[in-house]
Amino acid sequence: MSLYHEMPENIFVTSVDQLLGWSRKHSLWWLLFGLACCSIELMHTGGPRADIERFGSAPRGTPRQADLIIIAGTLTYKMASRLKLLYEQMAEPKYVISMGSCSNCGGLFDKAYSVVKGVDQIMPVDVYLPGCPPRPEALLEALVILQKKIQKEKYLRK
Amino acid sequence: MNFLFFEGISQNPNSYLILAIIIFCAGIFTVLTRKNIIGILLGIELMLNAGALNFIAFSFFRHESADYSGHVFAIFVIVLAAAEAVVALAILLAVYQQRRSVSTDDISDLKG
Amino acid sequence: MTQFIYMFIFAVIYLLSIAVAAGFLTVVERRIAGRMQSRIGPNRVGPQGIVQWIADAVKALQKEDIIPTDAHSFLFKIAPYLVFMGVFLTLVPIPFGAYTLMENLDTGIFYVLAMASFVVIGVMMGGWASNNKWSLLGGMRSAAQMISYEVPAALAVFVVVVMAGTLNFQKIVFSQGASPVDWYVFRNPFAFIAFNIFFIAALAEGNRVPFDIPEAESELVSGYNTEYSGMRFLFFFLAEWGNLVVIGALVSTLFFGGWNFWFEYTLEFSVPGRYPIRFEVLGFLWFLFKVSIFVFIIIWIRWTLPRLRIDQLMDICWKYMVPIGLFASIGILLWMYFVPEKSLADTIMRYSMTSFGGLTILYFFYRVFQNLRVTKAKIYANPFV
Amino acid sequence: MKDGIFLCIAAVTVFGALVTAFSRSIINAALGLLLALVAIAGLYIFLSADFVAVSQILIYVGGVMVLLLFGIMLTSGGDNIFSNNPIMGAVPATLITTIFGLLGIYVVNTSGLTFYQGAYRATTRDIGHFLLREYILPFELVSVLIVVLIVGAGVMLRKELVIVRQAPQKKEGKK
């Protein structure tokens, strides 16, 4: 991989990168996983009104086949280890959307002894989505922002 | 041992017969060296297959006219092997329910 | 030697076209599912989301290939290929036209039933080798289900074989005619029963809803493919949707006249070398039309019916379908003996069954359009929203 | 070309049989058997026995191997696949096997049978005729055997047959 760092960005590498990014951004299969009230909105996003599958994002039951984990709700310390396990079971490349204030920073439960103050303390987060809970449209926008971010990624030259 | 260099080895009956002998010997060795009942069953399946291969080979090379008795025998061998496997596995599972073991050493007393 | 090269080229063409068909079917299924749930389904990639499957496939190629530490790594690796092989080997003798087939095997339908057994082995191995409870349960259930449903499927195939007097697919197609009156499904009541049994058993063998308990999301996480990621999972995926094509092709070949397009063409086929290429193309398209109708019905069933429980599934197989299959296979023997072909009773039965079937379909469409009119829901009739 | 394919299939057969004989892991032995069975079906096609080849795959791969794998997976539990499968008595087994093999090769070399060149035909229809005319009695006996088999396997695995030795429980009287 060190060779790639030396390589200039020629047209071949760039266009292949674009193709790979295109495929990743249009096929973000998300893990069926919800923690608290945000997960109700997450379910709603899969429903008819805000149909997340328009963007090619199908729900998957198992972390091995998922690309995207949407952390929807309050993350307690007891759940944190399980969430980390699930995240580690996912196959690379994997993306994380932190949905709702609780998972962003602890939110309403900022002073609670049992709540993790932000998911980014245990795993990297790609998109933070504020709201308590955010509406399905907001989640769709987070997905679109994530897609734009993925398109800019350089998969071949990590 | 000159059959190996025979012209057209796939058209030579001896190559099939020798192959059947090899498979049969592998089956005997399997049966003799295993203690696991399923392992013994595997060996028996190999031996039955060697026999069926012989039947088919003789049917192909021994008769100028169309005589398919060998094929019929091979089909009977296959069907009986399936039957034998079913019964053996039913017995095996019944034994396993009682003794929690499939080793032949543990199934030595008659009264249960 | 040239023969082998031709065979190889044909095999590659078949593999590619069926892989493309399977990929395309995933998009079609997601769109249909969307419509049935008042959603839209994938529509962002290409016009109407038509190249969604390319995005999925290329993404799966980039995914990390995970093999669990405690898994039996060799079995874990070969299991998807076994499943894939089992599904795609069944395509060898199926005729897509008078000349569009790989090999006109003499053992035709028997060969198809045999090759399906590789799928059982592959699914069981994948489930066991993953060293995961859900995978193991899914694999065991799947093996039990597939083996059980092979029995009614074989009984239903037996009915067709008795009527055609051969196992060869091309002869089975040829002994049916082009018109619906000559199709086996409308020949006599026993063949109709056999068609229903075969269709249900094929659904169950393909692990489709309502028989998809091996991969039931709500009980087992994802069944036997829980631990598979990336490319290896893609092989299971391809096999599942390739199986849709196989089921549709089998049903339309065995019961619905196959590629027979119109009356006079089949007569000309009996004279070798007199079958013109335009009839071949038309017959191929007609066959694809039939296959796509059955594929649509399978998808329709999947998104309509709930899933069965494992004991209900086994009960349906052994307590209902096997006895009904035995009844049909004995009945067809008596029918063939007492009602010779082209006798009065045979003709009456054919025409009455065909007209009954046609009227049922017409009534169905009448009810559908009536409902649409009553609810004034024009938007739901349009698939391209 | 044909000989080359034959040699490949024969090599696969022998490899599968040897894996079955010498592998210590029972699941690998079953896999070797699977390989050998499929390869033997390939050999049947060389001998113009397409129907038997397809039956071999249908019954062995679809039936017997699935049953054996079921047995292995249900009984050995994955953890003790090595421990309950020791190689024992290797020396006498090797002796007996060698004697059988040499005997077989001797018989093949000195059999004095006359062989004809076989012809390739479609066999399905003729096998049907043979089964329903000359071998009708064994054919029917096999069906009786299979009925006995189904009933027997069902009876064998019934719960009541597994004898559990325990004292008959006393009925609790109503208080």
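Letters A, B, C and D name the chains as they come in the text, with residue numbers starting at 1 for each one.
Criterion: contacts are C-beta pairs under 8 Å (C-beta built on N, C-alpha and C of every residue); 3 or more make two chains touch, one makes a residue touch a chain.
No experiment lies behind these values; they were computed from the predicted model shown.
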Third chains touching both chain C and chain B: D
Dominant interface by contact count, named by its two chains: B-D
Geometric centre distance via CA averages, chain D-chain B, whole Å: 6
Averaged-CA centre spacing for the pair chain D and chain C, given as whole angstrom: 30
Euclidean distance of C-alpha centroids - chain A vs chain B, Å: 56
Whole-Å gap separating chain A and chain C, where each centre is the average of the chain's CA atoms: 36
Contacts with 2+ other chains: residues of chain D: 51, 55, 63, 70, 123
Multi-chain contact residues (two or more partners), chain B: none
Touch relationships between chains, expressed as pairs: A-C, B-D, C-D
Parts of chain C lying in touch with chain D, wherever the complex brings them together: 1, 4, 72, 75, 105-107, 110-111, 113-118, 120-121, 124-125, 128, 131, 136, 140, 143, 147, 150, 167
Contacting residues of chain D [partner chain C, same complex]: 1, 27, 31, 34, 50-51, 54-55, 57-58, 61-63, 65-66, 69-70, 73, 78, 122-124
For the chain A and chain C complex, residues of the former touching the latter: 19-20, 22-24, 26-27, 32, 47-48, 51, 53-56, 58, 60-62, 64-65, 67, 89, 91-93, 155
Chain D residues within the chain B interface of the complex: 2-3, 5-7, 10, 13-14, 17-18, 20-22, 26, 29-30, 33, 36-37, 40, 43-44, 46-49, 51-52, 55-56, 59-60, 63-64, 67-68, 70-72, 74-76, 84-90, 92-94, 96-98, 100-101, 104-105, 108-109, 113, 115-118, 121, 123, 126-127, 130-131, 134-135, 138, 142, 145-146, 149, 152-153, 156-157, 161-163
Residues on chain C engaged by chain A in the complex (per definition of touch): 30, 34, 37-45, 49, 52, 54-59, 62-66, 217, 221-222, 225-230, 233
